[in-house]
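Below, subunit A partners subunit B and then partners subunit C, in two separate complexes.
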Partner chain A sequence: MFNLFLAVSPEIFIINATSILLIHGVVFSTSKKYDYPPLVSNVGWLGLLSVLITLLLLAAGAPLLTIAHLFWNNFFRRDNFTYFCQILLLLSTAGTISMCFDSSEQERFDAFEFIVLILLPTRSMLFMISAHDSIAMYLAIEPQSLCFYVIAASKRKSEFSTEAGSKYLILGAFPSGILLFGCSMIYGSTGATHFDQLAKILTGYEGARSSGIFMGILSIAVGFLFKITAVPFHMWAPDIYEGSPTPVTAFLSIAPKISISANISRVSIYGSYGATLQQIFFFCSIASMILGALAAMAQTKVKRPLAHSSIGHVGYIRTGFSCGTIEGIQSLLIGIFIYALMTIDAFAIVSALRQTRVKYIADLGALAKTNPISAITFSITMFSYAGIPPLAGFCSKFYLFFAALGCGAYFLAPVGVVTSVIGRFYYIRLAKRMFFDTPRTWILYEPMDRNKSLLLAMTSSFITSSFLYPSPLFSVTHQMALSSYL
Partner chain B sequence: MNTDITASAKPEYPVIDRNPAFTKVAGNFNTLDYCRFITLTGVSVTVGYLSGIKPGIKGASMVTGGLIGMMGGFMYAYQNSAGRLMGFFPNEGEVSRYQKRGFSS
Partner chain C sequence: MVLSATVVGALLGLGTQMYSNALRKLPYMRHPWEHVVGMGLGVVFVNQLVKWDAKLEQDLDKMLQKAKEANERRYFGTLSLSLSDCMFQFQQFFFSGFALSF
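Moving on to the complex of A and B:
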């Protein structure tokens, strides 16, 4: 009986570690004896250690964790697809926590709860990725969402942060309700919540033979699309990404995309895929790509184009998912992996620049002259976002459009290519501002701290050199995609 | 609640015990398991100490790091030991030891 809990040992560890960190933070941050020390850095390092140990338990115990797949009435499923997404999630969380150490001091942001509120949704997202039942899925999504609402408002002295948290709470509760409504409609029409049962019932289901099933599938899709900021449910994203502290924005840009993409793949590819969902996702992919390319052009702040870029990249990643084939899922995994690395890279630099009060694109004018390495790294990241070969972003988009053409989506791929070209305008504009424009004001940029430098070195080296030997990533993601169909 | 131990991936190595008890798994720790436990604990204590220098809570941070490391190290060692008994990890040592005693069900 005890060994059944081995199947969820990484999750159990991270829950317990988070609880220990919370107690540690509460006791010592309010300690008069230690003069009320700021504990973000201390709890951050211990939190990073917890995430790395969780990663070790997950990666080293992979064959063992498949035991007890009948435990908890099949609520959770462990397979290669789960491992890949969970490992990517934990790496993204580790990267996000690494960004926090110095930026918390510079922005006078000394709430250690911030680190705890990153670890708690990580635990929920680990469960969400492996969820194989509607109830398990919803019970995992809600703690994740609640923590996100709070960390968006974690910078209490900032009106923008408070506004971001309030908006996120209101606009996040709504899709959660829609998602639950969809699950209840599916249950009411089929009597099933488990994805295996849904797969048997809905195999060959085409069109709206049952209005209940159709409404359920539509509501679930809307709930998920809202959470990953896909068009037309994206309106909240730029304001919330702009108002939140920069490491929070990085976390919100990466982590939920991984977990929700994994979950929606399980729900729809395994559980209930059909023409209904495919049309919805095709439309949202195209709309996200177009809006992500066009809306960022008018932005003048540094973070808002990145928010719109995130919306656009959701569209590209949805392209792979919309195909409904193994190559589509493989391209989705490749896309998410490379997107996570690029986003960590971009936000690490933005976080370093925020320390010198850089908020507007016009403030980047002196960066190439004072910090040329930072400028070059930022430019490389932007070119990778734009899909310029031979950087990693090009490989990601190439494979996504290749998968779209392979499944017969002959309209989707050209739209993606055209929107990529249009989107290059604002990516290259940032590089032009850094290298060729006269600075509006001369800003002395502070040197980047060691943690961010190391993070940037790792992510940038992958972005620039992955084209030399991409086959490990391709073979691993192919295996992961195959396992999602078994 | 279904408490049957079955795995979606079949064990590659001889199965000593399909569902070993906690005491049996903990008693099956080998030298490498203890090394894992001690290493993780040591690393965590060190991280806790170093991260506690700046806020001035070295000792307390060391203890917290030690707790996290002990828990993680024990879970890692337990995972490996259980995996060897269940046949998921290489287990020549366990096979030879239990062959002498006779396999338990």
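Moving on to the complex of A and C:
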């Protein structure tokens, strides 16, 4: 029997926890009696605990999800697909918060609101993943976007961070408007906002029979593609990822991609899929893969190649989505899961290195001599990004291209393979710098804190050993993909 | 199966904790109780993972079977209906023709 309270208890808990943390932070950080404590660490640990409790509440509600349930005027849907995506989102949020503790001390970043501004979009993204209506979808996307604009500018003393926040605000407002415009066009043409109704109306829809529907679908696709940094709407990503604090960059690289990919799967594949959307997504996948492979070659800073790598990986993940088949959705989920873990790993190392003033790729020289284990970990992550077997990145790319071939996208898969090979250049260049080059100035590396080291150890263990036992991931993603159709 | 999962989990947990110490440039066995905790968590994790995998396979088989039956009902059900209708009419024709001949 479906229990509504148990089903939405994760969201209710995280909303309440965020409010309590905000009040706690405001009251104690302005307290003269306690000498105005910074509270970042304190609120950070409480925030991490809130995320873990939310995860437990989600797991407690899992037995209810053997069949899909719609609730709250059919605005939201709970099924296995929702469950998997929300679990992954919460794990990514926990990983991001773990990265924050030491870096906020090192960079003298004493705003506790930063943690609250990570929990708030997490709440919105939980709603976005389960949204089953255009209105619910937009109401969930907007708070998420607003919080992202603010945390991108959270390092107030840094002009790069302020610039990143301003750019994100201005450039992010347009696709939100375009997305809403698309929803309104579809509502005006069909009278429906619910995805089930749209599925019935738009089944068999071909081409531009109705210009309103065509414009609506196109606008929604553009809005979504901007939010996940797909080409040709990617221009904002490198500047904002580079200017934001490193844990924020990690969060922006991972969390919105999970929630928006889940939501776009519901909108597009369930609600309104057809040749129109498929061609748009095929083009964007190919363009993202090509640009992600080529643009990163000219970069000299450490975070910018990772931003371009993120754009390229969006292209690979879109490949699975563009297929429009069960295997495609399964490969999308596998790709997102492995991408999330690799990105947490990569940014945790970058965050640890930034504390010792490593900003440029040239500064990585001789890391292998001063801190060989960190160098090996970073290299493993880069090789996994490059898709070198038997690391996890290879499994995700293999399955994505396999799904593309299965649906008849015979051009997409070879483009993906060729761009993977070309992209290996800048991944291997980082390893070459670390192992074979001498730096311009020798940097004394400080040891990283326990949280980051544990996070790195766990994610690296997964990346290196998942090929031995991939069956649970394949089975669970197959089940999630089926549940979104059945 | 349980033994191998336990051994793999213990090694995984121990390896992760040693890797974490190595990343911090500490001796591999610094704070050995953390290694024990890691081994315990590794054992629990891998054993639960194996059980979960077995349950997932069963659930997946059930879902695929349900989907297959639904598809067969949708596409082959009408064919079997029309076949049985033909058989009935043939029988009617045969017996009426047989009766007339007498």
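Quick note on the criterion: the second predicted complex is superposed on the first by the 473 of 486 C-alpha atoms of A that agree within 3 Å, B and C clash if a C-alpha of one lies under 4 Å from a C-alpha of the other, contacts with A are read in each partner's own complex, and residues count from 1 in each chain.
We take it that a residue touches a chain if its C-beta (ideal position, glycine included) is under 8 Å from a C-beta of that chain, and two chains touch if they have at least 3 such contacts.
Just so it is clear, the model here is predicted, and its values are computed rather than measured.
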Subject >> Which of subunit B and subunit C A:Pro447 touches, first, second, both or neither >> reply: second
**OP:** Considering only the touch criterion stated at the top, classify A:Leu456 as touching first (subunit B), second (subunit C), both, or neither.
**Re:** second
Original post:
With the two structures laid over each other on chain A, which partner does A:Ser471 touch: subunit B (first), subunit C (second), both, or neither?
Top reply: second
**OP:** Have a look at where A:Gln479 lands relative to subunit B and subunit C in the superposition and call it first, second, both or neither.
**Re:** second
**OP:** Applying the touch criterion given at the start, work out whether A:Ala59 contacts subunit B, subunit C, both or neither, answering first, second, both or neither.
**Re:** neither
Subject >> Which partner, subunit B or subunit C, touches more subunit A residues >> reply: B
Original post:
Just subunit B (first), just subunit C (second), both, or neither: which does A:Val421 touch?
Top reply: neither
Original post:
Looking at the overlay, does A:Asn371 come into contact with subunit B only (first), subunit C only (second), both, or neither?
Top reply: second
Original post:
subunit A residues touched by both subunit B and subunit C?
Top reply: 66
Original post:
Which subunit C residues qualify as touching subunit A in the complex?
Top reply: 12, 15-17, 19-26, 49, 52-53, 56-57, 59-60, 63-64, 66-67
Subject >> Of all residues in subunit B, those that touch subunit A in their complex >> reply: 1-9, 12, 19-22, 25, 40, 43-44, 47-48, 50-52, 54-57, 60-61, 64-65, 67-69, 71-72, 75-76, 78-80, 82-83, 86, 88-89
Original post:
Which residues of subunit A touch subunit B in the complex?
Top reply: 1-4, 6, 9, 12-13, 16-17, 20-21, 24, 27-28, 34-35, 37-39, 41-42, 44-46, 49-50, 53, 56-57, 60-61, 63-64, 66-73, 77-79
Subject >> Touch list for subunit A against partner subunit C, complex >> reply: 66, 371, 373-374, 377, 447-450, 452-454, 456-458, 460-461, 465, 469, 471-472, 475-476, 478-479, 482-483, 486
